[in-house]
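Paired with subunit B in one complex and with subunit C in the other, subunit A is shared by the two complexes that follow.
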Partner chain A sequence: MRRYLLKRIIFFVPTLFLLVLLSFTLFRLAPGNPVDRMMMGSNSQYYQDAGEWSDQRSYWNHRLGLDLPVFYLSIGSWEDNSLSRETAEDTWKKFIPFLHFHPNNQFHRWFLGDNLSSRGIIRGDFGISYTSGQRVSELIASRIGWSLFFALFSILLAYLISLPIGLHAAQHPSSLFTKVSSTSLIILFSLPVFWSATVLLMLFANPDIFYFFPASGVQPTGGFPDGITWIQKIRMTLPYLVIPTICYTYSSLAFLSRIFRVTISEVLKQDFIKTARAKGLSEKVVIGKHAFRNTFLPVITVFSSVFPSAIGGSVLLETIFSIPGMGLTIYQSIDAKDYPVLTAVFFLTGLITMAGFLLSDVMYAMADPRISFSKKQVS
Partner chain B sequence: MPKVSPLFLFLIILHFSCKEVDKKQPANSLNLSPVIHLQDTSGFDPNWSKSNTIVSHLNAEPDNLHPSNGGSSPRSEILIQTQAFLLITDFENQTIAPGLVTALPTISSDGLSLSYTLREDPQWDNGERLTVQDVIFTAKAQKCELTNNPSVKAYWKNIQTILPDDKDPQKFTMIMKENNIQNMSFVTSFCIMQRSFHDPDNILNKYSFEQLDDSNFHAENEKELLQWAQNFNDDKYGRTPEYLNGLGPYKVSNWETGQSVTLIKKKNHWTSNSSESRLSALPDKIIYKVNKDENSVQLEFKTQTLDVSTNLSMGTFTALASNPAVSTNYHHVLSLTYNYTFLCFNEKPESPKRQKLFTDKQVRRAFALLTPVENLTRVVYKEYSTFCKRMISNVSPLKPEFNSSLDAIKLDIDSAAKLLHEAGWRDTDADGILDKQIDGSVIPFKVELAYLNSSPDWKDMAMLISESYAKAGIKTDLLPVDLRVFLEKARQHDFDMILGSWGGTPFPEDFTQLWHSKSWLNNGSNYSGFGNAESDALIDSIKTEINSVSRRGMIMRFQEMIYDDQPYVFLFCSMRRNLIHKRFGNISVFADRPGLLLNTFRLLSTTAE
Partner chain C sequence: MKIIKLAWESVKNIFQLKKQPLWIRWVFSMYIFTALFAPFIANKAPLFMIKEGNWYFPAFQNSAYVIIQENGKEIAVLKEAVNWHAIKNEFQLFAPIPYDPSSSDLINYNYVSPFAQQYTESEKPPSELKPLSWRNRHWLGTTKTGADVLAGLVHSTRLSLLIGFFSMFIASVIGICIGSLAGFFGDKLLKVNRRSLILSLILVVPAGFYIFVFPENNLELPETESIPAYFSFLKVLLFLFIIALPFTMKINKSKKDSPQTLWTIPIDSFISRGIELFVSVPRLILIITLAAISRPSAMSLVLILGFTAWTSIARMVRAEFIRLKNMGFMESAISLGLSNFRQIIYHLLPNAIVTVRVGIIFGIAGAILTEAGLSFLGIGLYPDTVSWGSMMAAGREQFSAWWLIIFPGISIAILLIMLNRIADENHYVPQEKPL
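And then the complex of A and B:
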């Protein structure tokens, strides 16, 4: 297990580097220049000389390093890299091809820093957002909380609902409840989230029908009153979270309950279950003690995807419910070509996805000892 | 007891949730002047909040609230309340009025020296009085190349220096490099910053205006200046309430990321005893609430969570205006703005992939005759389109210098076809599309029309335009693009036609940016390529003519030149959709941005909390 982990962690580094390269290149391939967006202000009614504007554009491209090549490397001979070029013994070096990396490029600045606005991603500094002027790490920290909350809470809720449904369906595949629940969940699964979110708002945040919940935001307008306790804060916040949580949750229900149903059905056919039943154990004990543990595998699989989805957020739900999360931030950053934010988000998503997979591998082994990560010796 | 199907119940509920959209009623206030005064009324829900707090809708969060580094419209809207400016817009008269100065500046005969006298009463939050040093600091900070204000830097280039008066500490003279009619109006957009707050060590004082302008002066090599700039640009001065310092009557008390920005009235502010209405601060609190979703905005008005919006889409405005509960509690007002929508032709195509389709002004005139402007206004403003003003020239009809002798070009397909025929465009191969021999090869009349993909209105307009052009044998390829691509194409002259809009103000306009031929050569905002020696000379004269009467005559002549050349098809003035709670009075709606001055709203309830 330790060896496996070590191997995976070693494999992490080149994968992450490739991911970083990919993210860095992709965003820069898109048309347009972020400086143009930065220079679009709300004072455009006043005259500015086109030459002056152009000078400013060049200056800012230079200052942000956007006038540099994205990558700068060349193929030459080993000799080009050698300090002692003139000696006769070094002639052979002319014939050895060599890849030269030149530091003055955008990737290098982003990776190792520019000594001005960023110390480089290698030192954990993602730079400064072009649009808001915030440090990217602060921007992400201020936005990720709600995305993480909804991602975790909705998946927890989805487990709590879908597990008993799946269990019941596995035990009673032909019952009316199973038929109704699976049909309803499939219908729910097919509903586009923006539509159901709007319908729920129109039904339950509408004074003309039912006004149970507020229509937007995650807390009272203007913030909480001074001097209230955190319990009061939670009570005031809860109504804001109901409809968004339903929307974040319902689409996972069909998928999870079906996985639980199939897994439990398979487990219930196993010999050890038959043995347990033959020993005269009650159905509760058979399911609870023997079958249930084996249903953890899908739980782990889905859980590993929670964190990346929290980084990605949900643009549609965050827009509809005015949730200050990551989805909206990413959308706005794409629109403004805010490279530092975009590359940071892409990088973090990749990192967390890989970490999630690693974690799930470990959890698989813990949940099911039959899963082994070491190569078996063939005798 | 009869059983009710849940599906049936759901459909019934859904039906009632949508019912109001079908009932269309006219808005309760439609007025086409630049200023609309709303009558105070008592006919609103008496049970509604009596708190003296305005909740105003924003459809985007401000990028920041830094006094110099930012560029979003919500930021400008909030800074009006938290900051103060040397000169301000007199919204009532659509002119410029003194702000932090006692009067409008005295301007020298060459127009290059503007002498101001600061008011005695403005005080910063720490009790310091406003000084000329604050004004000088502001100008230097804006000009310094290390300041993160790319969107405004070019505007400050024209300031050569600011000279304090030797005898009177309240007086100073702003020396400009070039005479320009906007030398006075441009300061209405830039707030004054406190020198001792942003530059306690007086670093900027060590550098002259000349140095800051010098292209050979490398600010990044100046250690002290670099340190100052790093601190000045720090995000805390644009986001953390304790660091948001300004001379305005309100201060930011809370900023909930992505949710709301709360302003509270300062106690014992220097404007407290002022009798001037523009300096008043009547509400105790102003909350700017961010909501991008049209449906939940509708619900927030139905539940009276929001008091004010100037950012509604036409669909939401119409739906809310037809809701009896909303009508009872809110004023709904359409107001004209100085912004306008246009179709621009590429008169001088440079790119080899662009055909010379619009080099002939007769063809451009034909396109103006083919453009269904009335239908286009109907697409955008629906049943309120009759209240929309047609643009005839490049000057808003709300401005006194608008040339009313010019006639709107009406839809006339037959006349357009005739003009195109005269220009040599005929359907020689009978494929339904006109063609013409240009530079030795036969070119079909296929036009690419680029428009923004940001709103369905642009798409609907583009489709209507293409249908109309098809009637004259012109094939239009529609190209929806995002803003960045749109601007890039326009600046690089890589288009046949573009559909777009321009913003405007009531102040004197310098036509150089949009219409001077050098703005085409430099890839500036003269996208069409309009301009010749005569028009350039007239633009140069207009921008330096201080006398408004003489200038007006020149502008009228300039409009005739544009009208004759037809580089654009001018479509219509944009209308702002305002919804304002009736629990507030003393409300005026203005054509200029932001449209409403929230600080002047008076709570009408006599039992205010």
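And then the complex of A and C:
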């Protein structure tokens, strides 16, 4: 058990490093020069007289470290260490391959910081957003609230609804309710969530049909009126949340009840359930005490995916309802090609998912001792 | 030959259409039929026409022009622009839906409902409108520009199925290769000659230099536009080939191979960690970012979806291989001395596919759903391309045009319900073969 955990944690470090590398590569692959983007954001005349800006440009190139080599190692010829074509002389040395090492490079600065303009992602500095000029970490902190709220609230709601459905379906596999619910859940599962969101908006937020709920946003457009208590604020916000909550919930509902049904019916086939029944325990105790506990293993896994999905947000739903969360931020940054924000979201989501995997593996190993043993048996 | 037969068997095994209920078989074949023959179901140009004794098949011609003989002269007719109804012919046979998905109807534009009266220009008193005949009716209404919704649905079925099937084909190939490597060899079985490994690692530098760096810096290369897109792909293939060379060379089979010269590669751990890394990357964000970076086209979308979807299949194949390796028939296969390749291709894969099919079909459904979501956001496909998602996005701008939202939604929902139903394990009855 301890060995398994240790192994698992030791493997975590290189995977994390690979994630950092991957985020950096994606960031570097992005088309367009960051300096151009930054200066275009501050000055609209930039492209008309780009020649006058060349000093500025080279200054920023140098300041941001874009003139440095990309990574620690690079493959080049023996002769040119500077990676530029002009300085390489016509000698026989340029035909010889050579592995160069650069102690000061872009990745190093991006990862660990340079004590000048950035402090490196290892200290939580993801740079500056091209569009708003805000620090990316501040931007994310200001936007994550709504995404986190919807992710948590909808998953709780989905649990509360899907658990009884899954339990009933596993206990009475041939009842009418099971057949109806499983068919309708498959249909629900198959409906594209952006489609049902649009249809719900069309039906219930449409002045021509039913105008029950506002169509977009999470607050009145002009902000809250002055001098109202927080209870009134909540009451004013509630109508904005109804349709988004339905859409957020139902997409995970079908998935969850499926998982519950499969796991519970797997558990009910096990020997210890037979033993419990043979002991003469009532069905309530068998289900509630013996079977129910074992269904919580997959629940751990699913719950560990809540936080990453909160960081990633639901791009489609938040765009449709214009909820100012992470998903909308991602959509807007893609529209504006705001790569620092995208890289930050990418890296953070990956980091939290991986931490979630680690945590759920540890919890699994604690909850189910067979996992560490079975590992030994296989190898 | 035998492998091709095996591949076809496994394709049949994946969908298992013979075991599905009748409605699924019908709906499935209807979707496939629509996808295959979309240009002949909805096309502005006639399928067949006779003019002055000559026969023409304009819908079957791939070019933008059709050469037509009129009064002894040859005229080039632009397919997009010409009004085919106005051409005087002896005989004309139009497609069942006589519209293109993107061509605009200049009279029935600005969201004409399926139930509304639709008009056409009458011939006798010019500039007067008469009701449109049922043959040319827009059965599912029109968009803002007057494009026919039904024609759009037909063509986007083709697009969606193409993206779904091809991306999942790529994903399955990658996933099966990687998953079977991890599952078959595990952590202990893959042994590599030390010399080959070191030689291959050393080869990385010269191969990388002469293939990628040297031509870039020193050769006079033509403009980047004139180099075909697959050229860089070929370069990568050549690079991989050179790196793989030491493993095929004779040094691998020298008689001196003792446990000291063989290194065990824990390939299973490597691949599992790699998959974990890949899974932890938010897939939708990765797809959106890649789609925003790359040139918008169906081809790049297929590649992006394919290269990001293989993980679930690789995991399934790996788990299934580990399970199957402990079974009796594998023990006898090993004791018979079958080669690794034979064990994988003929014994493990056909058995594994029975479980993996669920992942593949769910993957197709997921790819179709992702494509629709992306085109709903306006990412990934070329802006003019008509697809289910882009039609819904057009409907979102005008809620009174309900037909733009409902009909694409229904067609995608039926497709997904059907795919999910085919994949549903609860209805699967394992086939029992006599030994």
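What we mean here is this: the second predicted complex is superposed on the first by the 274 of 379 C-alpha atoms of A that agree within 3 Å, B and C clash if a C-alpha of one lies under 4 Å from a C-alpha of the other, contacts with A are read in each partner's own complex, and residues count from 1 in each chain.
Definition applied: a contact is a pair of C-beta atoms (placed from the backbone, for glycine too) under 8 Å apart; a residue touches a chain by one contact, two chains touch by 3 or more.
Just so you know, these numbers come straight off a predicted model, no measurement behind them.
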| item | value |
| --- | --- |
| Partner chain(s) touched by A:Val35 [first = subunit B, second = subunit C, both, neither] | first |
| Partner chain(s) touched by A:Leu99 [first = subunit B, second = subunit C, both, neither] | second |
| Touched partner set for A:Ala141, first subunit B, second subunit C, both or neither | neither |
| Which of subunit B and subunit C A:Ile228 touches, first, second, both or neither | neither |
| First (subunit B), second (subunit C), both or neither touched by A:Gln56 | first |
| Partner chain in contact with A:Thr319 - subunit B first, subunit C second, else both or neither | both |
| A:Thr198 touches, of subunit B and subunit C: first, second, both or neither? | both |
| Partner chain(s) touched by A:Tyr211 [first = subunit B, second = subunit C, both, neither] | first |
| Touched partner set for A:Thr353, first subunit B, second subunit C, both or neither | second |
| Where subunit A meets both subunit C and subunit B, residue numbers | 31, 198-199, 201-202, 206, 208, 319-320, 337 |
| Interface residues, subunit C side, partner subunit A - complex | 186-188, 205-206, 208-210, 212-214, 217-218, 269, 273-274, 276-277, 279-282, 284-286, 288-289, 292-293, 322, 365, 369, 372-373, 376-377, 379, 389, 392, 395-396, 399-400, 402, 405-406, 408-409, 412-413, 416-417, 419-421, 424, 426 |
| For the subunit A and subunit C complex, residues of the former touching the latter | 11, 14-15, 18-19, 22, 26, 29-31, 75-77, 80, 85, 88, 94-95, 97-99, 182, 186-187, 189-192, 194-196, 198-199, 201-202, 206, 208, 308, 311-312, 315-316, 319-320, 330-331, 334, 337, 342, 345-346, 349-351, 353-354, 357, 378-379 |
| Subunit A contact footprint on subunit B (complex, rising order) | 13-14, 16-18, 20, 53, 55, 63-64, 66, 69-73, 75-76, 145, 148, 150-155, 157, 180, 182, 185-186, 189, 220, 233, 235, 238-239, 254, 256-260, 262, 285, 287, 289-293, 295-297, 299-300, 302-303, 305, 325, 482-485, 487-488, 503-505, 507, 509-510, 512-513, 518-519, 521-526, 543, 593 |
| Contact footprint of subunit B on subunit A as seen in their complex | 31-33, 35-56, 59-60, 116, 128, 131-135, 138, 142-143, 198-199, 201-203, 205-209, 211, 214-219, 221-223, 319-325, 328, 335, 337 |
